[in-house]
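Which chain is which? They are A, B and C, in the order written, and residues in each are numbered from 1.
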């Protein structure tokens, strides 16, 4: 969730979208793990790779990371998981391969029990073996929600645990004494070579969840609790040398990492240096001029800014140092249905929008495609519909909007307050929306810019949210179930801080959501999500605006850069600088 | 010096101290303080040119809608036809889309007319700067005179308050208070762009008053001890008579000079706040906002950067030059 | 003298106390619960409660203030059980996020050298140039040098400093590639590289202040040199050089010292615009980032530290004055 991870996005909260390979179809696209290494790019060992970032990582503590660039970084460099994503260009990047496990897991008991076997010779950075207990301990940390904040706790919701009345687990993590709440039974180390997960309900794609670093191992003896961000203990190819938060992070080789146990990681550079906190505009300048650290560096968590897009994509010498493609995000404007109750008024809003000027404010065509739904075309759950006639007329239909407002019997101009994240391009796009909505005297729009960092916290406060609020969403796993329920589930409509920014509580939608969730045939399920996407757009609970693209640059000294389909950014794994 | 004032420079500068100190008001026959200053000012070509420029800018601000109407454009209209959406939403044509329809070109990514935004932006920038100046000069004069005139507890209370306000890191506070203040203003029913304007004006004005307060207090302290005040007091003048008839007229000069010199700093401050993301909000144009938005376009669309940059520089320069001239005219000793 | 200093010190302590109360009240009235902001995506009322409790936000504001003040002198612990975060004295609280749970004092300590480097180098530059040009201009009023210097100075005071900085980056760094993009290097690591990277920020800050100081110094010079005692000194037959050095400069520069003290004190609390323009992680940037994320302890901490510098600068200037001019002590 969150807007594009550009600028000062401190909590962009984006977990990337997985492209072609969808859940359950593990056998179809999990594929043979052995071939994955040979298909990736090759490079030479040595040198220092720079990652130029506009801000610090949200977290490096594996149980707390959630933003996609942090996932990419920790998974590829320091914290291996049982299974992980391939490191290849194109849609195959979203395919799972075994990492610390020998295979993609074996499900039994109608997908309610998942068993994984560890590879041999897995070691921590101090040479001690990575044990099943370390994995179990790592998972347990995620339950200490008072200390291990920000991680996606839903990742644990599927485990078979004792629950309190409010639906939260009884188990409170390893730092507090008290009931184990069934945790020991849910995550079992049956023997040193195997780990078993018991689930509360059948989940056919549970191994995808296990690729999240929330399920990475942490040795209890090295756990520094809230400070673990700074002292992450590595079982991957690199380890922390120095870390000055919000400034610089330096990784050096972990000599105890054995490449023979690892089919995915290339580990070409000798050293990884992350430079943090530069202005995105300045980062552009660095990469365009290809000087200093940028020469052997890549953009990380930031992308080419609107004013430089055209130049980068149309100057051949710059374009060859850039990756460009969809990043799995949909921008949309949530319509607060508790304030704008009249369906016709909401539909009028959608018809009155002008996507051409809206997208233009972000830099035009190079920024993405006009969106017609919240589920992007990269997902199997995507359905190709066009409720408001965007294909024919992206500039909107103010006359139709006027007609709807007249039918609704409301006074025009209808007053609308618009929450917007206070970033230059975002606010300009909001100004474009204001101008569009005010055509024909349809609406009178007041913009309400809110601070960048706490933006989602502020609009998540249900009582004070405005009539409409800008937002962006990237699903946490490759299914409509990661889009529709969090954005439109009625159970969240009044929960402060929840992502239901439309405050939608529609029994019809809710029953459709229940039906889709319980559908075991994933192809059928995908269709149901697509239908739901269309239904919420027809209900005008949100106006989809842009399916966004990302453009990132890398220095002339970097080889092997490509846009990874899961992370939605340059895969840090395959790069070489020597 | 009882001889009628001539235009001879030697007589003009003969007794400069007297003019500012206020003794001259009665001594120089037939010429008020203002007239003398005006005579001096008129002879200062630079000051007159800058005054002309200041008046021009003020006219532009006042007549913004007329000027935009003459051009036939508005500041808020998105002109899609002027942009190339396939190429970074940059303006079509040369020099950022300069044409007979859009005299100064258009804003990249929006296509809004830059001339219209420039003239309406002048209105915002001058409104913020002038109103804040009135506020801080008003408060500063009031409290400065009170502190200087009454002395004692009132003086120490006011002086300590001024010290306190001056001890706060102002720019930081201006930024940090924005979310809190905007939320509070919304509670008072002031929302959207108006809230940001009200906030800017009040905080800039409020944090600025101690500066002039200190100056006025000092001036009042020295004036209080002058013979003419003693004289009126011994004649039985009331406090309010002394305050308004004796002291205030003599404080007009420093107040005027200070106001003229503080306006340009407030214009720059508005620009800086816009740069830091807490100035006026879209779609309201202001020069500071235009400048901070345009800075990143120095490569892709240099004209866009040039327009607000030159305008802002010229306005600030004009006020500074005029302020210099005014000070010289009112207090020739500070000298040119 | 000592009595004067003690009196002023007591004043400073009271002033800092009032500032801390004012800051605390101002910022702990923000529109959204800081706990909600720092508890992340999968937030629930239960987690908010937990975090509030850990950060001590569930106590009444006066109690929170008391704990905060106590923390400055004796340190503080946040959280309970085996997951305590200790914040040693002088503790200004712990950061809510970016980075989480780090004592604010550590963040400020880390960033202070950056702000200090910018300020001190810049101040030396602007004092040398500004005062030097101002004195020369004042002595040679109307000369070509004077006119040229004053035109440049006017430009300097009329350009917003962030704009100057951005122009410098655009042209000197990006277009002409004369210097690489500045990035802060520790003085201890490499003094040469430290200076090389700071040269552009120094020039930017000095351009504004040198212009201000040149104008001010020139005006003071002109005023002083027309005073009666200067005429007297000349009449005594002293050489012009001696008159300028012994009588003119001293009187003309005393007010400059006051202003320099305050400007330096102000900048030490965070050169916000400059640090933002050049992406230097000084106190100003720390504060701006904290504002953008509503990271209250860091906002309060940086405001207090900045106020501390301003108040101390005031104190130092006043004490210096008292040394020079005994009358001040009595007032």
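Keep in mind that, in the parts below, a residue touches a chain if its C-beta (ideal position, glycine included) is under 8 Å from a C-beta of that chain, and two chains touch if they have at least 3 such contacts.
Just so you know, these numbers come straight off a predicted model, no measurement behind them.
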Higher-contact pair (C-beta pairs counted), A-B versus A-C
A-C
Could you say which chain's mean Cα position falls nearest to the mean Cα position of the entire protein shown?
C
Distance in whole angstrom between the CA centres of subunit B and subunit C is 24
Dist(centroid_CA(subunit A), centroid_CA(subunit B)) in Å evaluates to 48
Intercentroid distance (Cα basis), subunit C paired with subunit A, Å
40
If I count partner chains per residue in subunit C, which residues reach a count of at least 2?
31, 174, 276, 291-292, 294
Residues of subunit A touching at least two other chains:
451
Residues of subunit B engaged with two or more neighbouring chains
178-179, 277, 299
For the subunit B and subunit A complex, residues of the former touching the latter
76-78, 80, 83-90, 108-111, 178-179, 191-193, 277, 281-283, 293, 296-297, 299-301
Along subunit C, where are the residues that touch subunit A in the complex?
31-32, 36-48, 50-51, 54, 79, 81-83, 85, 97-102, 110, 169, 173-174, 177, 180-181, 183, 276, 279, 281, 285, 289, 291-295
Touching residues of subunit B toward subunit C in the complex: what are they?
163-164, 166-169, 171-173, 175-180, 183, 264, 268, 271-272, 275-277, 288, 291-292, 295, 298-299, 309, 312-313, 316-317, 320-321, 333-336
Taking the complex as given, what residues does subunit A use to touch subunit B?
281, 305-311, 314, 354, 356-357, 359-366, 395, 417, 422, 424-425, 427-428, 430-432, 434-436, 446-451
For subunit C, which residues count as touching subunit B in their complex?
15, 18-19, 22, 26-27, 29-31, 141, 154-155, 157-163, 166-167, 170, 174-175, 219, 222-223, 226, 266, 269-270, 272-273, 276, 284, 287-288, 291-292, 294, 299, 302-303, 306-307, 310-311, 314
